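Going in written order, the chains are labelled A, B and C, and every chain counts its residues from 1.
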Amino acid sequence: MLQVQSHLEGVLSQRGERMFKAEIKSETLKSLVYIVSTLVDEVKFSVKPEGMSLKAVDPAHVAMIDLEVSPGAFVSYSADETNLGLDMDKVKSVLKLAGPGNTITMEQDEEKGRLTFRVGNITRRMNLVDTASMGDPHIPNLSPSGIVSIKVDQLQKGIRAAESISDHIALMADSEGFELSCEGDTDYASLRMEGSELESLKVSSKVRSLYPLDYFSNIIRAIPAGTSVDVEIDNDYPVKLAFKLADGEIDVTYLLAPRIESE
Amino acid sequence: MLQVQSHLEGVLSQRGERMFKAEIKSETLKSLVYIVSTLVDEVKFSVKPEGMSLKAVDPAHVAMIDLEVSPGAFVSYSADETNLGLDMDKVKSVLKLAGPGNTITMEQDEEKGRLTFRVGNITRRMNLVDTASMGDPHIPNLSPSGIVSIKVDQLQKGIRAAESISDHIALMADSEGFELSCEGDTDYASLRMEGSELESLKVSSKVRSLYPLDYFSNIIRAIPAGTSVDVEIDNDYPVKLAFKLADGEIDVTYLLAPRIESE
Amino acid sequence: MLQVQSHLEGVLSQRGERMFKAEIKSETLKSLVYIVSTLVDEVKFSVKPEGMSLKAVDPAHVAMIDLEVSPGAFVSYSADETNLGLDMDKVKSVLKLAGPGNTITMEQDEEKGRLTFRVGNITRRMNLVDTASMGDPHIPNLSPSGIVSIKVDQLQKGIRAAESISDHIALMADSEGFELSCEGDTDYASLRMEGSELESLKVSSKVRSLYPLDYFSNIIRAIPAGTSVDVEIDNDYPVKLAFKLADGEIDVTYLLAPRIESE
């Protein structure tokens, strides 16, 4: 019987009828969507039997994101190799139909280029976005020399303090601790954390860079409370934020270009 | 003594000094006002010793409402025959002064054409709206062939799913179940309930009509959570929504014209 | 050792390096800031070893405020004689960084004309506002003949009832009770409290004045729930509101000019 099924799937596959069907907790889909939509409105997910992934650059080419979702992030997952072009705003409208703890079913109907979501007795179908014009951006393999592990809640606190002071935020780490600071013409705000208040601190010499506050703020706000974030910085160098969602089943890497201070 | 009082009331009544005085729970007045104000801003209540009633048509003549309030909906009720012209926004401002469980007293001072509300130690008096130009719309006696009884919470869920997909919503019932659906150029949403999930289902053959989503959405949102609604539909026919408020003491019938789909 | 410290402080003081350093509960700073900002955006606090004070008149010269903050309002307080020019909106942004129960540290760095706030591991520094052009308004010593003590919650209820009826509110007291009322062309609202419902009532003869609703409403809304307010009125005379914040350690007097009704 199983042999017959396997044979049939092979035949379907040859006929180009690729398949994607998955169930996911609404909280998991939500955290994923909110992270991605800080950067882009429409995305291409690369779907494979061993999981989904996404690489995207924002329209201004200031930040990029690399996301790996393992099948373990789903309640159930079954996929051939395919691409899913998704409009993040529409997926957010599906999330509003789900309560906490609800499971959302997603199923592709590739011939018609559509994705169908199901939440309880609600069916929500949408056309997939054309992915032909969406490239696969190369995510550079950066190795900043300072690495700080910190709860995102602390970073969120620092961002609140920086609001309306300047358009940029400085991240600084030395062997003693980590600091976010923001300096305007008449105002200044900073959040300073000593090594003992951090989850870990690996810095050989003092490193410091300046970043656009709006980008940094948007990604930090989208990370669920309680998440540990690896903040990797260097002098006048991109910041790399690495964190996990869904009990470690989703890996996120976020890169943000520095603003080089003119002398 | 009672005879004297009765005699005096008779005299007052002959002199045209008609009387309306009632006490009502703030929750009851609120549910009534929110239902009516989905359709019209100013209304004429017909007051009689045996209860109040209201018939109103919206300015675009797309929907109408028929409301019967029995004296049992009030904490106390005492009325001669009269009309009350009320501005719904002003009554809403009175509701904001009352907390849950508060009783609101209403008393007409007909000579001066005013209504006085009392909530605790607050007095709020307003001029009555002139009802001379307000007709008594005829509410047609429709008998759609499909009748579905359903908790309003389910309808509210269906409306959330339909948002921003199309301007119209289709209601469909067959012998198996009931369905709300909404179809746009690229998107589709539906809520499907089998007979076992409904409170009752009386449908001989499949019936389906299309309605303007904004009207349907406004009335459904105004119905208190937990209320059972009789949804009566037919093919390309007005929908009739019938439900009770205030432990059955208020009877509401709402009619909404269909949009006839052009072939 | 203490002698040396004392000597050093004396030397610093002779060099004109005046000092202000205080710790305050976020709730206390918040109540103070919200009261003051109903009237003015930028203020001059007069700081002395025995406490802080503020006298301010609103730009339209309709209302004035007199505020006395004793050192007991602070967790710790240490000050030479100086002035602090503060932008209320910026202090509000500091309050947003503090949770309930948090202590906020304020420290002046007079040479550089700046004030530094600290909340946990956050540092927020701002330039002081120039106080040279800010006068010391004379607060007249009024003695209205009617004095009513009342919980601010009652006044807040009366203001909600008066909304959108008229631009003015009448305060009236007689030997029996106290009344707020508002009369428009078609609408009327009042809150009436008998003597037994008030905390105290000292009125020899009936007194009544009319006040601008927006000013009265703004100050009443800014007073924390549960606060007892002395409302002092007379005929066509300013109203004096006197109340205490922070367990009696902050004394507030607020005066509001009447609107003289033309005959």
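The rule we apply is simple: a contact is a pair of C-beta atoms (placed from the backbone, for glycine too) under 8 Å apart; a residue touches a chain by one contact, two chains touch by 3 or more.
Please read these numbers as outputs of a predicted model, since none were measured by experiment.
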item: Touching groups left behind when chain B is ignored (all other chains fixed); value: one piece
item: Inter-copy rotation, chain B to chain C, in degrees (Cα atoms; steps of 5); value: 120
item: Chain centre separation (chain A, chain B; CA means) in Å; value: 47
item: Touching two or more other chains - residues of chain C; value: none
item: Chain B - residues contacting chain A, complex; value: 157-158, 160-161, 163-164, 186-193, 197
item: Parts of chain A lying in touch with chain B, wherever the complex brings them together; value: 90, 93, 96-97, 120-127
